[in-house]
Amino acid sequence: MNKMIPDEITRDDLTAMILRAKKRAGLSWAEIAGKIGMSPVWTHSAATGMNAFPEDKARAFAQLLGLPESAVALLAESPLKLWGQTVPTDPCVYRLYEIVGVYGPTIKALINEEFGNGIMSAIDFSMAIEREPDPKGDRVRITMSGKYLEYANW
Amino acid sequence: MNKMIPDEITRDDLTAMILRAKKRAGLSWAEIAGKIGMSPVWTHSAATGMNAFPEDKARAFAQLLGLPESAVALLAESPLKLWGQTVPTDPCVYRLYEIVGVYGPTIKALINEEFGNGIMSAIDFSMAIEREPDPKGDRVRITMSGKYLEYANW
Amino acid sequence: MNKMIPDEITRDDLTAMILRAKKRAGLSWAEIAGKIGMSPVWTHSAATGMNAFPEDKARAFAQLLGLPESAVALLAESPLKLWGQTVPTDPCVYRLYEIVGVYGPTIKALINEEFGNGIMSAIDFSMAIEREPDPKGDRVRITMSGKYLEYANW
Amino acid sequence: MNKMIPDEITRDDLTAMILRAKKRAGLSWAEIAGKIGMSPVWTHSAATGMNAFPEDKARAFAQLLGLPESAVALLAESPLKLWGQTVPTDPCVYRLYEIVGVYGPTIKALINEEFGNGIMSAIDFSMAIEREPDPKGDRVRITMSGKYLEYANW
Amino acid sequence: MNKMIPDEITRDDLTAMILRAKKRAGLSWAEIAGKIGMSPVWTHSAATGMNAFPEDKARAFAQLLGLPESAVALLAESPLKLWGQTVPTDPCVYRLYEIVGVYGPTIKALINEEFGNGIMSAIDFSMAIEREPDPKGDRVRITMSGKYLEYANW
Amino acid sequence: MNKMIPDEITRDDLTAMILRAKKRAGLSWAEIAGKIGMSPVWTHSAATGMNAFPEDKARAFAQLLGLPESAVALLAESPLKLWGQTVPTDPCVYRLYEIVGVYGPTIKALINEEFGNGIMSAIDFSMAIEREPDPKGDRVRITMSGKYLEYANW
Amino acid sequence: MNKMIPDEITRDDLTAMILRAKKRAGLSWAEIAGKIGMSPVWTHSAATGMNAFPEDKARAFAQLLGLPESAVALLAESPLKLWGQTVPTDPCVYRLYEIVGVYGPTIKALINEEFGNGIMSAIDFSMAIEREPDPKGDRVRITMSGKYLEYANW
Amino acid sequence: MNKMIPDEITRDDLTAMILRAKKRAGLSWAEIAGKIGMSPVWTHSAATGMNAFPEDKARAFAQLLGLPESAVALLAESPLKLWGQTVPTDPCVYRLYEIVGVYGPTIKALINEEFGNGIMSAIDFSMAIEREPDPKGDRVRITMSGKYLEYANW
Amino acid sequence: MNKMIPDEITRDDLTAMILRAKKRAGLSWAEIAGKIGMSPVWTHSAATGMNAFPEDKARAFAQLLGLPESAVALLAESPLKLWGQTVPTDPCVYRLYEIVGVYGPTIKALINEEFGNGIMSAIDFSMAIEREPDPKGDRVRITMSGKYLEYANW
Amino acid sequence: MNKMIPDEITRDDLTAMILRAKKRAGLSWAEIAGKIGMSPVWTHSAATGMNAFPEDKARAFAQLLGLPESAVALLAESPLKLWGQTVPTDPCVYRLYEIVGVYGPTIKALINEEFGNGIMSAIDFSMAIEREPDPKGDRVRITMSGKYLEYANW
């Protein structure tokens, strides 16, 4: 990057700026999400460049964290979703990959049995992460909801 | 394999035998699960060699589908969980992989925020797959519940 | 596979059987497709195990080619779509992979510009392959049509 | 890069400069394409370094967006087409990869049946992306046209 | 493969059969090529399933080596060109891969300089392999000739 | 790199410097090659760091393009030949990789038949790229000549 | 990173800073561990960003090595555990990978035999590295202790 | 494999035979190990082809399980240690891989600190797996002991 | 493989046959090598299909081990040298791979320094493996000798 | 790297500094090795960060080339041995990789035959590279000597 491109912030710069601003503000993701009226999952993933905020939410988010005006457009822009690790190494993320490996064919079989020849959408999709109190140790509950999409045939 | 090993069935043979017996019996996974008193997810994954049935369930399952006696031990045995595709190609399974790629870091961040320095277990874990009726098109709901495990430090 | 599973045909056997029956019948994919009332693209891909025929089409297809009764269920079953070559080597297929590599980001940018934050479905999807006469040499025309899916946000 | 190479812009710098200039100009790819008399697909892919503009179009494009004189040669230069993700992760691009995986052998079989022993060119090739209005939800239509190339034999 | 497919030969069987018949006949590839009026390169690659013989050549080849009638159609069929080693291990083949790695960008630059924005076709293509006598040790000469294909722009 | 290494140019810097100087000089690779008395293939590959110039040629090349004195040693140094793409993505380079995939075993078989148990050297090797005029469209001719190397046995 | 993010230290900067401070202080990992009351294994892995210190230990560690205040939060933060080499190349680390390859199935079989259908946790886990004096040459002893986790079934 | 090799058992056949014989005998690995005077770890890994039994132990093992005479030589033969999964998928084995990824550099640093410039041998190496009773849930203890090997320098 | 190819032995069959015959004959590789007048390294590698015997040696080898006549041609045939593990897992072979990783650039630098711009041939090459008695434990000595090949330039 | 880490040199900086100092001093690796009393192989590999100098040699090496005081500790530090190319592309290094692929199983078999169930150490290991004069062209001789390590069994 040279000085012909002086005053631009990249998506990665913005993510770093957001994480810093969040620390300074002393807010959790759940609190930020509550203040802008979106879920914590979407708020985190749009804040870190894996989804796009609706424009009004981008503005609210930028105001809440004191981001520059130019951040708003970037936050509302459809991002190129890239990840570099085919198999994730972080233990917390790997466990999810393992669940896909172990239960993937089962999920497919049960969707086929219940719905027919189709899949669960990852686009018309939402997810929540909650604490499930349990006397033997609290549990993490992840709920995914995706539209059933039937294969067209022609 | 030569004739010194004549009367053995392998886990793969058993899976093929089960799928055939299920077709002949005209039962769905949900029905089989109901009859042996386990969930459809566990039933399918244990039947296809990705989990082990408790011994009484292995016996009930084998009786229901008319499997030979030797199948019971195999169904109750802790299987080596192998999958060959680092990135799954089947569209229904790939969507789950994509969800891990897009939302993995978000799930990690929210678990850290809510619980602390730990992960969701994939061992002390259960999952359900349900139909979510929706006027704009029914949805697939996947609910995962895994014990929160805190990193020991020492 | 041992003699405990004597009279089963696998999906791969069925595909081989279909290709043989097609040769014997002296029919092209376009002709077969015309006779069962489906497109050539779907007919070929369902016949070779990458899609599922609707049940009546599976029956018509099996009758046309003289396949055994057990083939009907197999043809109508939602297949596990597997491919082993991450980068396809066949030159005809590779050119398509190359088009995705070269034009993928362009397609994404233009869909975003025209439709918003979403993608083209590969499930609610159809495709046609046609000859485009051209004095400088005929051309292959591939037309894809997929439903636009907007990202849900929540 | 050190100060012995002071006033050079790289292709990546140019792409960043173009995206910024486009934002400032408030033009869509379709509008830019219309003004320089090329298709949106080519315009985007040549602007982002996956194709080369004919020289007059490079000049028109540079003038429209106020790019420096040195950009013209760069825009007209045959680029090294590189992509780093063997399997693309962005969901919008992945769906295209999936289509190649699922329908690649079908496309090959139907080209062979209709044309003979050959392939569709990805060089003497063009593509259009259009909106297909549909009461059940608009669709994305992608039309590819590539010259049929017969294998020489000798 | 089960007994429902009794009298079929696969392409791999055919290749093995051809190599055996060639040994029995005591003919070199160059001699076989001369007798059927094709080049040794094409003859070997079509015989081993990487290209398709024109039908009359397929017939001549089959007669020369005493192959069964069913081989003719197989030899004339457009094959799926598959190779499993992304980087070839055989030293003789690896040297060619190395030449592509070392000189690939050079070949591209010189084609661009001499011809313009395009490539050498690998479809409208031929190749010869010859002995180049040399007092310091004979040399292998490989001559490739591929049609120059200019990128269409639109 | 820190200021303890102030006045050093790396091989990558040198390549960039050469490409810039070549543009300023308005010379083609063929012209540069002619002026220093080497082939265009070697000139390009040594200029871009995939081969080493003989010292006198390095000096002539540096003088012709006005490179600093320190470039001479770098141009004459045996480079570490590195490439990062196991399968090249650029279409012009990929076609060469495809030729190795399709014809590699054929080239090996014909070398074995003509010469014996050995290979074509990629070290005692030269290559030329020429235009082959053709009424149906000019062709690219690539001629490779490598010493035949017989396997020692001991 | 641009000047909008001036006074931030990244985790990688912190690791470099720690290694430098450790050298200056002339302390071994064992000594540092002893002073802050944690094990050498945890101390090293948390210091280098593969684990998180409890907050009081982070503070003690930062004070001991004279790290800036901002380091404390970073040291106590749950890190994203990333490694880039699927197969580690360093000989000391590779030997551990080899042990997993050779003895992995054995460890699984013996855990299954002794405990049942479950695994050893890598989260509720600790490890020690000690010298084992031996007249034939001292030995490295690595002791791992992980909670046995039984598969839930449901 | 054809009938010219009639009465041979391969290492894989032998492993299958051993697992069957062990089931019939109703013995655990620990019991078998006790009877032949070796550790359970070595016994399992040598029985499954990842290590070689000393000849007397091979004989004792074969007698105990009623294996044919030809098994003795095979059990005492230095096996080619092959594994196909670069990253193991089985959860129990993966956790060990994860431990190498997370703690590998730590183990290296502490060995260097304690011993010098060297590694822990994986050849002059032994391992034990034990139950560690714990009121909060029993633990798996893995103890590895490998000779410290100092790098020679010369 | 079907019954149309009844009496053929493949290279893999031949290798298995050789290993069996060698066991029956009770000969070491060194003894076999001595009897046919070749080195143990070449004898083993040609016997196991990684090199070709000169024809008289193939005959002598076949007679010594009582192989069928058809083995002679196979043993003298230039084999396709294939290996499937990019990184070898067997510890004995891996150590050699590690040596290439650690010392590869050093070997290149010292060859360049001593000889010039060239490499060591792996074709005009021989190797010996010997015992090096040493009071601190005997050593394995591997001596490689390959012709120096200078890069041609042109 | 930011200004909080001002006066640190990294291992990569040091390697670049060494290569520059060596050029200025006009010394070959063999000459440097001679002056500090180590072999050329070790000298090069320790100088470029693949091995550690004994401390006195590190000091002698630093003095000879005029390196700063801080280099001594770095040169004597046990380095993390990393390489990024699983299969090396440089032709000189690749030939060594090829030798491991072709002769690896042979080396294993002959070590097993001569020594027993063990391997050649790559740690207690040394290597020399010499010129072998030969009237047909000089040869490169590489001699490796590694301690034989017997597998412990327990």
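By letter and in written order, the chains are A, B, C, D, E, F, G, H, I and J; residue numbering begins at 1 in each of them.
In this section, a contact is a pair of C-beta atoms (placed from the backbone, for glycine too) under 8 Å apart; a residue touches a chain by one contact, two chains touch by 3 or more.
Please read these numbers as outputs of a predicted model, since none were measured by experiment.
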Starting at chain G, how many touching-chain steps does it take at least to reach chain I? 1
Identify, among A-G, G-I or G-H, the interface equivalent of C-D, where equivalent means over half of the contact pairs coincide by residue number. G-H
Note: of the two pairs A-D and G-H, more contacts are counted for G-H
Approximate Å spacing (C-alpha centroids) for the pair chain C, chain H: 46
Need the CA-centroid distance for the pair chain H / chain I, whole Å please. 29
Distance between the centres, which are taken as Cα means, of chain H and chain A, whole angstrom: 43
Dist(centroid_CA(chain E), centroid_CA(chain G)) in Å evaluates to 54
Note: chain I residues in touch with at least two other chains are 41, 51, 80-81, 83, 86-87, 89-91, 98, 101-102, 105, 108, 112, 118-119, 121-123, 125
Can you check the complex and tell me which residues of chain E touch chain C? 1-2, 4-5, 8, 73, 80-83, 86, 122-123
Contact residues on chain H for chain G in the complex? 28-30, 40-41, 44-45, 48, 50-51, 81, 83, 86-88, 90-93, 95-115, 118-122, 125, 127, 129, 131-132, 134, 136-148
Interface residues, chain B side, partner chain C - complex: 9, 13, 16-17, 20, 23, 68, 85, 87, 89-91
Residue positions on chain F within touch of chain C in the complex are 87, 89, 91, 94, 98, 101-102
What does chain A use to touch chain C in their complex? 38-39, 41-42, 46, 51-54, 57, 78, 80, 105, 108, 112, 116-119, 121, 123-126, 149-154
